[in-house]
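Look at the two complexes coming up: chain A is in both, with chain B in one and chain C in the other.
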Partner chain A sequence: MLKAMFSRLGGLIVVLFIVSIVVFLLLYISGGDAALALLGNTATPEQVAAMRSSLGLDRPLMVQYGDWILGVFHGDLGQSFYRRESVVEVIFSRLEPTVSIAIVAQLVALCIAVPLGIASARRVNSTLDGIVTTYTMIGMATPGFVFALLLALVFAFQLQWFPLSGYSPLADGVGTWLRFIALPAISLGVVHSALLTRMTRSSMLDVLSQDFIRTARSKGASSLRIVYGHALKNAAIPIVTLVGVGFAVLVTGALVTETIFNVPGLGKLMVESIERRDIPVIQGVVLLATVTFIFINFVVDVLYLILDPRVRQSA
Partner chain B sequence: MKIPGKKRKLLSCIGALAAATLLLVGCAPGSNESGENGESATLTTAVVQIPPMLDTAMTTYTPTGWLMRNVVEGLVTSDINYNVKPMLADSWNVADDGLSITFTLRQDVTFHNGDTMDADDVVASMQRWTELSALGQSAIPGAVWEATDDNTVVVVLQERNSVLLQMLASGGANIAAIYPQEIVEEYGTDPIDDFVGTGPYTLEEYKPDEFVKLKRFADYSNRTEPADGLAGDRTPTYDEIEFLQVSDNQTRFGGALTGQYDITLASPEDYSKIQDAPELEPILNWVGSLYLNYNKKEGAMADVAVRQAVNTAIGSEEIMNAFEPSPDLYEMRPGIMLRSQEEQWNSDADADSYNVNDPELAKQMLTKTDYANEPVTIMAQQNDRSAKAAIVIQQQLEAAGFSIELKVVDATTLLKQREDPQEWDILVYGLNSKLEPSAMAFFSPDFAGWTNDPTITQLLKDYRGAATYDEARAMYPQIIEAYAEYRAMTKVADWTDVIAVKTGLESAPVHDSQIVFWSVPLLD
Partner chain C sequence: MTLKLNPASTPVEPRAQNRQLTFSYRFLRRPAFRVGATLAVLLLVLAVVIPPIVGYDPYSVDPSVRLSPPSFTHLYGTDDFGRDLFSRTNGGFQVSLMIGASVAISSAILGTLLGALAGYYRAVDAIIMRICDGLMAFPGILLAMALVASLGSSLVNVIIALVIVLTPGIARLIRSRVLAIKEELFIEAMRSQGASSLRILLRHILPNTLNVLLVQVAYIFADSIMVEAALSFLGAGVAPPTPSLGNILYDGKQVFLTSPWMVIFPSLMLIVMVMVVNFFGDAVREALDPKASRRRWTQRSKSVWLGRFSNV
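Let's look at the complex of A and B:
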């Protein structure tokens, strides 16, 4: 099992290296100049040249990349061109809102998806199953930003129950924190719940038709025990996969949601940095996103091993 | 009545959800605007962007200027009619040969760090501004600032500049701000990020792309004259001002409607909604003009006759109507200065060649040039009004016989590509107004467009070298005439930003591209 885990970890480093080169080259060919973005519309060529030099943008491309990758190996992701802070500090200052929204959205999705998926699977072809199936189809077909705008229109704009934009840190109070992240988290969570519900339903249907469930029923096990004690554990692998991948999807979905709700998180940081060509920050965020994605996949793989003895056996 | 188990569970769930929602709603913070009962009064302003740099000498961003003019001050400033008025200098005297100006400084002006301003602070700050800022380099290259005593400073110029005081009075880009000497020396040619000024507000917190928080400076050394534009009394009405970056137009406007923001830089599309909303009032902020800038270095537009043909084809009203939802939001007038500056700068020297809108005449003019239907690239900025204008300009020029390629790019790419004469022929974009015409960037041979006309160069030299400011002003019609003959640019129209303010704040004064924040009235 350990060997399998280390083998996967080795592959991750190669992926990270390739991603960093691709992102760096993409930024280079996308045009634009951070020095011009800093100095504004009517800066003189001398000012721009001096700023380019002070930012290190006048060095050859390979030297810029080499310096950056060397820094990464030393735990230094460089300095933001705009914020005069290290990239690590910039990212940490924007991490809380994004992680908060992703976690709460995931909870919202799970709270909706697991009960609905199970109920739908237990009453297959019933009216409830029809309603749940329709819900999942609508949910998967609706872009996240549409739902976000609808929520904003009703609960922030019309009813004014929640603030339309902004973020309050958890340290300033749980209630205020929840008020600010409620709408973005619900909008992401509900949309994500559609796919999760569908997956839970189909996975449960598969398991509920297996022989060991029939055996359990014939032995007189209660319905609740069959569903929660036997079926759910066996149906969990695809659900866990989707929850893991979904976390990464929720983080990337934050690009749009954070813009709509003006939440100062990683998604918004990414958009702003791309607009300004703040290359060190873009590289840092992409690196973090890649590491997170890979780490989550790694955790999911480990959970497979724990949850399913067959996977453990083959590993 | 007995409720069955399943229904009871369902009702319990609904009840729990409702309770949680009410709890969250109940956590709403109260309003912080009134300033009553000893509470601090905070003015919340939603803007499109918090600038990436606040050093007014280094960046030419106008938003940096109007934000920082609350924090830092210069030697002089301007009143509502753009007359130069004293600020940190009490008076000044221009030498007979115009090659030096002596400023007598105010005494007992306190910096935010508690130090008293003296001539050494002014010399250090102004020398840095002269050498580092785009405006300083253009206005007084090689000038030397000297202190003759604690309260007197002299600037010795290489060349006379009759409009130097107007340049020093700028409350937009490149404010000639005074900082303590030690801060200037500490940062040198690096961007300052320790903003100790003498203004009515101190900079409490700054996060680029997020927010700026200003706090009333308790020991502010106020002037005694009544408030007038940026001049005179600057007693702040609010204890704190928050500028929040809210990039999305809809979110920003939604925040204005729900009362989250007191002042909101709105999108022109929201103008009628602001007029209809009882809780909001619009303020129009005339910031500048929409122009066609020509690449005079190479390509089809290097020929002045082709530029004149383009100018003849342009119809301003059709262009502005394509994207401005109301005629209130633009004004078609010749010249390069705004109506609010008419008292200082007035000329109809280019009236005949403005808004000609005659494609047939343009077609005829084009036949007399060497233009051989080669593609003309129009470049404009994505997600900007200029991009919509560019589409109409493309149609108008095609009707006049031009072959047009439209290129719309993001702001940063535009800034980069406009420096390359092979990337574009016509650049459609907005330029902010300046306090005097020679500060308009398009007159500079280094600025994109590369104006290079001996007549304009000589006129601008004579204008800056005029014996007095009034003599310089008298040359404005000649400059405009030369500008129109050379066709350095084509102005489409003056345009305005739309500011949504809470009802009760509509009397907030606007001057030099932005609201004068220290004079915003308190809400009842």
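Let's look at the complex of A and C:
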């Protein structure tokens, strides 16, 4: 098991290296000149040249990469072109709303998908199964932000149950926090639940057709016991995978959706940075998010090794 | 010619001749295909046949009718510049279709090329696959966003960004197919007959990867439509005044509380469009492998899931 873990860790390091190169190169393909961006358009060519050499931009690309990656290891992602703050500070001040939305959305998705998926797998080809399948087809074709616009229109504007925009930090009370992130989280969660439902259903169907289920049934185990005692545990593995991968989907979804509700999170930061072509901030967000997801996936992989002896053996 | 063991039974057609036929037969009979095809015809009539009859220019601005609700003159109402929303939505449909098709075709070609090289020639395998792993580790939309931000927002750059994001998934899929087919007996037979590597790869291995490619291409088509909409919705996609479903929604975001038609019609168009493509993808998948289709869905590797961003 330890060997399997180390081989995964080895692969991880290579992936991280490639990711860092891609993120580093983002600034270069932009053709953006950090010196020019910091000095503004009024700078003379001499000033720009002086700034370039003081920033070290006139050195070879390899040396610059080495310098940059060394900074990253020390938690230094550079300076924002637009704000006079470091990228790390900017990102951390915007992290909470986006992460809150993603986590609550994940919970919403799980609460919808697991019961629905199990129910429709237990009654294949029933009316309920048909309705669930239709729901997943529509859900998988609907982007979260489209559903969010609809929810905002109905529940925030017409019925005024929820605030239309803004955010209240968790530290200022759970109730208000939940009221502010409810709509973005529900819209993302419901849409994401479509994929998760489909996954749960087919994973359950797969397990329910296996021999040990037939054995349990002929032993006289009740249907409830078979589904929840035997099948669900085995069907959980693909679901766990999707929960891990789902965080990537949900955080990027939160980025898009929060712009509708004017939530001051990473999405708003990305939009502002894209408008101002503040590449270091974009690099920072992309790098942070990607490294987080790689880490989550690694944890999921390790969880597998612990949960499932079969995976342990094949690895 | 084989011996007829049982002359009384009706003659059976040779299998090989029948294979192509059964695939299309099965494909056309899938409920998913029928629903998809019906919706596709409706969309095409709505977005391609009717607009020239109605005859509005998606670019012509008329401030006197800014944000007017749906009516007989403007079926979907007008936008914040007084442009006819019906023709803008249909223009957006065409742009989305164009983006979906270009991304699907380019990443299929590029992905097949890289996947075949990696699967067939061990020497380049490690390099290509590690780069693909690295690119697939990014959350797709985020990488696309960053690429468009770096390259500058335009139609072509959106396509380039999407191809970079989506090609690694195809390359990995094709590689695994090539690796499997390479070990089959008929390939060894070809090799012992003296066929060249290139001939084996092009004539015998690649045609056998077409089926999995087809399914993946359909999903990539759907993904790129959704991601383009998300990018443009954030203002990092197709630049106005070119209509795209995403940038109509971006404009609509500012006014949707008072003029909900600005988001309702383009959203519906987007949802139905993605559904149609997904239906076709499902139909191909089921027709290729009716028994294993359900199984395959659960057994798709994590990497395939990473490549999918169904819910942006």
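The rule is simple: the second predicted complex is superposed on the first by the 273 of 315 C-alpha atoms of A that agree within 3 Å, B and C clash if a C-alpha of one lies under 4 Å from a C-alpha of the other, contacts with A are read in each partner's own complex, and residues count from 1 in each chain.
As a convention for this text, a residue touches a chain if its C-beta (ideal position, glycine included) is under 8 Å from a C-beta of that chain, and two chains touch if they have at least 3 such contacts.
These numbers come from a predicted model, not from an experiment.
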First (chain B), second (chain C), both or neither touched by A:275: both
Chain B versus chain C as contact partner of A:45, first or second or both or neither: first
Touched partner set for A:133, first chain B, second chain C, both or neither: neither
Comparing the two partners chain B and chain C, which touches a greater set of residues in chain A: C
Which superposed partner A:86 touches (first chain B, second chain C, both, neither): neither
Which of chain B and chain C A:162 touches, first, second, both or neither: first
Which superposed partner A:15 touches (first chain B, second chain C, both, neither): second
Touching partner for A:259 - first (chain B), second (chain C), both, neither: both
First, second, both or neither for A:245, with chain B first and chain C second: second
Footprint overlap on chain A, where chain B in one structure and chain C in the other make contact: 30, 32, 149, 152, 157, 164, 259-260, 275, 277
Parts of chain A lying in touch with chain B, wherever the complex brings them together: 30-34, 36-47, 50, 54, 81-84, 149, 152, 156-157, 160-166, 173, 175-176, 178-179, 182, 259-262, 264, 268-269, 272, 275-277
Residues of chain B defined as touching chain A within the complex: 21, 23-29, 52-53, 58-62, 64, 132, 134, 137-138, 173, 189-191, 193, 207-210, 244-248, 250-251, 254-255, 257-258, 260, 409-413, 415-417, 419, 431-432, 441, 446-447
Partner chain A, residues of chain C touching it in the complex: 130-131, 133-135, 137-143, 145-153, 222, 226, 229-230, 233-236, 249, 252-253, 256-257, 260, 263, 267, 270-275, 278-279, 294-295, 297-298, 302, 305-306, 308-312
Sites on chain A touched by chain C in the complex: 11, 14-15, 17-19, 21-23, 26-27, 29-30, 32, 137-146, 149-150, 152-153, 157, 164, 188, 191-192, 194-195, 198-199, 202-203, 205-206, 238, 241-242, 245, 248-253, 255-256, 259-260, 267, 270-271, 273-275, 277, 279, 282-283, 285-286, 289-290, 293-294, 297
